[in-house]
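Shared between the two complexes below is subunit A, which has subunit B as its partner in the first and subunit C in the second.
On to the complex of A and B.
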């Protein structure tokens, strides 16, 4: 402290007079590239004197101006949501192609507000939004600072700066684990496979959703999916249930077996596993107490309309129509030929996917709001169409597709070649104790033809019955499509394989092999292509590539057709049909018969 | 002579940050004075309560513009304490490197700032050139030169870029080689010594009275009270370094301590670069996408040693997506606000800016 210093101590700094300055020259910031957009700009008056040399390149992680690849961007708007300065606005651009899983909007960024924090980049669901190394922009028009980032920055390809990586990623790409019954356990019973989320897990799964709403567009009934997922996250079951019933009268069923197109459209699925939307829906239904249900269901029912509607068929279409008609105040009677309501839900889908309890819950509530169910009554036999026309103001037809399509190959008419919709109702009846195991004729080895969900329903139900009957299973599944093109859902393929179903995908059936009047197997040819150039069904086979798979029974699940026998001929004459369906105008109203509506 | 009102700042080479000191002077002796912070950045605590946990990382660096990293660190630590997060080992070392570079940068800036009030601008040019090199390093690592937004709850946002160690070593070697030169230009310079020796005192009694921490305290009480030593965070307990102290608290002693800390920071960074393991650098706060991150119910106080003293965040979470309550302990609050009011009067007018500079006053952290 007390050391004495000379006045010359600091003079050693004079040596710096002869060193190169360390400052950043103006010319190194304004590069040739920058100058292009500084042109016609009076801010930089000395632009002509500026020499373009030694451009200063920013660091690799530079959080500079954004770039956004429009081809990759899905317009989910998550960047807009997270922006802490509210600098990002999604702007509708109808010139963008309208594709499934994408929205016709892209982000604009107000650089007067942007703080370049890069949170938008880190949460981008498609990784299309990035930041460049560009950090200079100048314009005399204040409005010119609101820009719509594109793949090029100011028309130039620029170097990437800050991009998302594993550490900076702000999305949760992994689905919360759902408890499943193990394959060994579930194979020999019809207990429900998916156990459902607990409250804690449902909240964690709901926390993954970015609320973009792309899923809503892909849902056949346009459910408010982000809203009910948010309700789960906020632990507001009542709010969630209210959202669900606005668009879907059968949530308990759809929470288990809907085709979940929403999950294929999910923004998170672009880079990771889609949100388990279907299971979250089921969580709301399973955890909502009955009195909450009643409160929500009874609220919208009005009593103002003095009109009666008959609904033929109590499947999803019939019940849906019945619910909403009743809510609008109509008096509704539902006619069902079978002893139980529910149609394909009750007699098609196996119980391990959709137990009776779930169906009962939905249907009970529909009954509770005043819809009358008339079972064991087949229209056309027990009650005539004319009577319906007379007694009711309108009739809604919601009869399903229960008639099997025929195979059209040699041996296809053998008694051991069985249609899916003959077999599956038997299985359901067995589960509810109406039929005994001995009553169902299940062979020791089975071949299933078809690649959709129904084919897997048949194959997996057959596996269970075999396990119960013989203690082992032998089920083979063959389809025209290859394994990666199967129309069935991924769950079915995965779980079916787990349960030991052998797959012979990419093959077409040619002949049912019969020996001593007994089915012994199926002859297959390799399928080269399924559709012809015009897109119609016309499979081509490679005859050289033949194989015979053994099986004592053949089950056909290649689609069903509707059964219109109950409609009297006089009425049928007035109807027009298109690919098996009755042609109808807006709101399902049939032309020339204004009292008739179809689903 | 009649008392006259004068302003120091917000536009003044001797003022740090957007603050202003209102002074009533009689001749060149200050009679009364008070600080008016909040000219630009203020109201952070309430602002943070209105931001999501993840969005806060874009707000908190602004609590202290020149040394944002201590804010980020204190915030991150508080969240980690409530959420009981285990930060990856590598992230601890990266955080220390960032924090020490920040300390280097602010010490250089403050030392260079000495050139403003004393009229020796050469010092400022040199210090800012070196600070610029540090900012270049920050830019390469974090993507920004000033608002780094890099230390986040759960770790750091990105791993260090490849080859950055070379830049760091070359800068540290260069700075170390010119260390004596720096001293000779600044505090060994007789003309500067004449301004800072035996003046602008911050005696022990005042330190205890106001609650001054950091260099202000250490240079007065002769005790190495440094949070990095007494309450180690990150991995400071695994690094060897000294805490410079002094028992004579004039402006010279404070500047001297700062310069000695520069050497210590250089040593800490070098040790970190050697000891830093490989591995992950971040864990998420909770499951889900960032906008739905929640922090469990609870509260925590996390503090770090900034260049100006103890910088702390008291945070309360109600288990939701936003902080329920945030309280910031700005390191320069005692000497900056209370000190200016009580102990600046009596000094000479031209000492006011030296007071502000050597005490380390940062206005946003006072009016937060």
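On to the complex of A and C.
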């Protein structure tokens, strides 16, 4: 089988002698950018030849040197994380504008390490990192092989080589499906709409997170979001629960109704659907068994301090303060005027968004670590402020905004013009069985004024009551803002429309129409702009564009104001107020009354 | 084979009727895996070859370091019935050795060399199994073993380049990056409540 070779066999190579060489000349493979280097090193002597060079372009998909558009890049650092050769380092650049959803850092690439595998391009959350067709670069200084890619390569616009496409994309851009109750099902009851993730689904959703941590900056309490998502992925509910409680003592509530600013900042949201951070948080709370709570909460955190603090109001602010003070070792008493603790959580937000069971779980935990709740006690009536000052070392005021802001239009003082915070507590009391359906006066057709979450709470609660009472609903909602600028969350707008709420956005109320002492409707003018040039609230209307919408009751949800009647006049004199809030220092301490703190 | 029987069912019957299978896993309609005892591997592969699975598509191993075992995987293919069959068997990690399948599938020659080079499994019967195939002058433990530390290896083998570039721009302000990184590492410690 072996071929026989003779000494003449190699002569066959002579046939190549007269063929044209296939060598690619230097002038057609290097770019003009390297001209100086090549000249200085006497590689190419003729400058003319270099100037006439005509570099051939590389093929499509060439994985050449990177370009990174700084305007698009969000500095998430996922490229650094995935790089198999550790060639990428995120460098801090505080000269970049500090924006929500972006970090002030950009990648540098060490081309001594880079293997041009393009994983960084395929995982890039903003598609800013790309590879060009440039593949030649030379320099006498070894330091010059660490580069910070920008939109231009070496100051020149270059052709795109490898870019991410659908097949090479490594990010999972679609959210794991969450079960919702159907509109017909939920419309006539106060059943919770979002059902929550199962363990498998939660893990799948958690796996989408790239752990960049951009979200933490947008969270009002800076929760350790990537950390607890990782804990879910590793099935460590206990660890996740600890991480959550370090920054948020009301996670069961926040897991359902927080404004999830984190999700708008999420790096995955740049190109796809944000990680369902809020629902993942809820998953940890819902799946943590009670004995796990017990175990964690019985661990001593701090030495007991011999000092007492009174907290006025048991809403989110009061309970938050109470929890952290207790953890720090203080003795804490919380005063609440209503029979149940929780404030706005208990009496404002409807149960289809936040059921009592979720509130109880959070508050029970705070109570268990030793915070004393004193209900049915209004400060200023059942106990005086002076007594609090005398009995306690410090007093924290966490009273909410329950008084409706008045409408200030003709007819606005009619008894069928109702404030959101008068109506919503009744709804919750109905759900608890304290009030009966007959006790709540909901008309057959109503109009809600306002475009925030509270307005939708009112409108959607009223829909449910109408369905229960009359078998059909007729709810109209009007706001100054246009539909695409509503301050409410997108979920509310979407789900509310599904439930049949009619929207009259972009209109300002002018007069409550009254006939025979009964409300018949609301006169609207088209709203041209809400704020004036200096940015303060000063709506302008188009009188020509008028409409009257019918309704037997008007509900106002245009913001609430605080109720400070409980503070004695002698003390009120010492306080300064700005936009309804008591003025205080950085840590909530009120000037001239060092024993008083506000939320 | 009757028409009502799928290819995977056919294979399952073929193997399970004659041999003790520790675990059968149907991956999809084109792939099926059997975990068998080391002693049975050669006769099963002979049976499969005579039944039409004439091609050894791949041979490699998995390091189950926690079980102190290697799992050798043979993948064979039949050009008439579109089913890949995986035959898996576990070997003791300390003295990993299995007779070569060279007499059955001559094509295993290079796969076995590769498996030896990357995992250290011995294949007596293959005269060349110890010959170097891909790695030049390798002087560490086989690199696909889970206890191989690529970071340590690269630190040992290659010099570290310290760049003198300064791309950082803090504009005279306090670093946010450092604070962020510290927070992230602190959050990790919270998981255990501060305990190790």
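Everything that follows uses one rule, which is that the second predicted complex is superposed on the first by the 557 of 599 C-alpha atoms of A that agree within 3 Å, B and C clash if a C-alpha of one lies under 4 Å from a C-alpha of the other, contacts with A are read in each partner's own complex, and residues count from 1 in each chain.
Quick note on the criterion: a contact is a pair of C-beta atoms (placed from the backbone, for glycine too) under 8 Å apart; a residue touches a chain by one contact, two chains touch by 3 or more.
Because the structure is predicted, anything quoted here is derived from the model rather than measured.
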Kindly say whether there is room for both subunit B and subunit C on subunit A in the superposition, answering fit or clash.
clash
Is A:146 in contact with subunit B, with subunit C, with both, or with neither (first, second, both, neither)?
second
Going by the contact rule set out at the top, does A:340 touch subunit B (first), subunit C (second), both, or neither?
neither
So, does A:93 touch the first partner subunit B, the second partner subunit C, both, or neither?
second
Between subunit B (first) and subunit C (second), which does A:246 come into contact with in this model arrangement: first, second, both, or neither?
second
Pick one for A:22: touches subunit B only (first), subunit C only (second), both, or neither.
first
Go through the superposed model and pick first if A:317 touches only subunit B, second if only subunit C, both, or neither.
neither
Any idea whether subunit B or subunit C touches more of subunit A?
B
Set of subunit A residues, in rising order, touched by both subunit B and subunit C
none
Listed in rising order, the residues of subunit B that touch subunit A in the complex are 51-52, 54-59, 122, 126, 129, 132, 136, 139-144, 147, 149, 155-159, 161, 181, 184-185, 188-191, 193, 248, 252, 280-282, 284, 286-294
Sites on subunit A touched by subunit C in the complex
90-95, 103-105, 108, 110, 112, 142-143, 146, 148, 213, 216, 222, 224, 226-227, 231, 236, 238-240, 242-243, 246, 296, 299
What part of subunit C is in contact with subunit A in the complex they form?
161, 163-165, 167-171, 173, 175-177, 180, 183-184, 187-188, 190-193
Which bits of subunit A are touching subunit B when the two form their complex?
1, 5-7, 9-10, 12-13, 16, 22-24, 58-63, 78, 81-82, 84-85, 115-119, 122-123, 131, 161-162, 165, 167-168, 170-172, 176, 204, 206-210, 233, 268
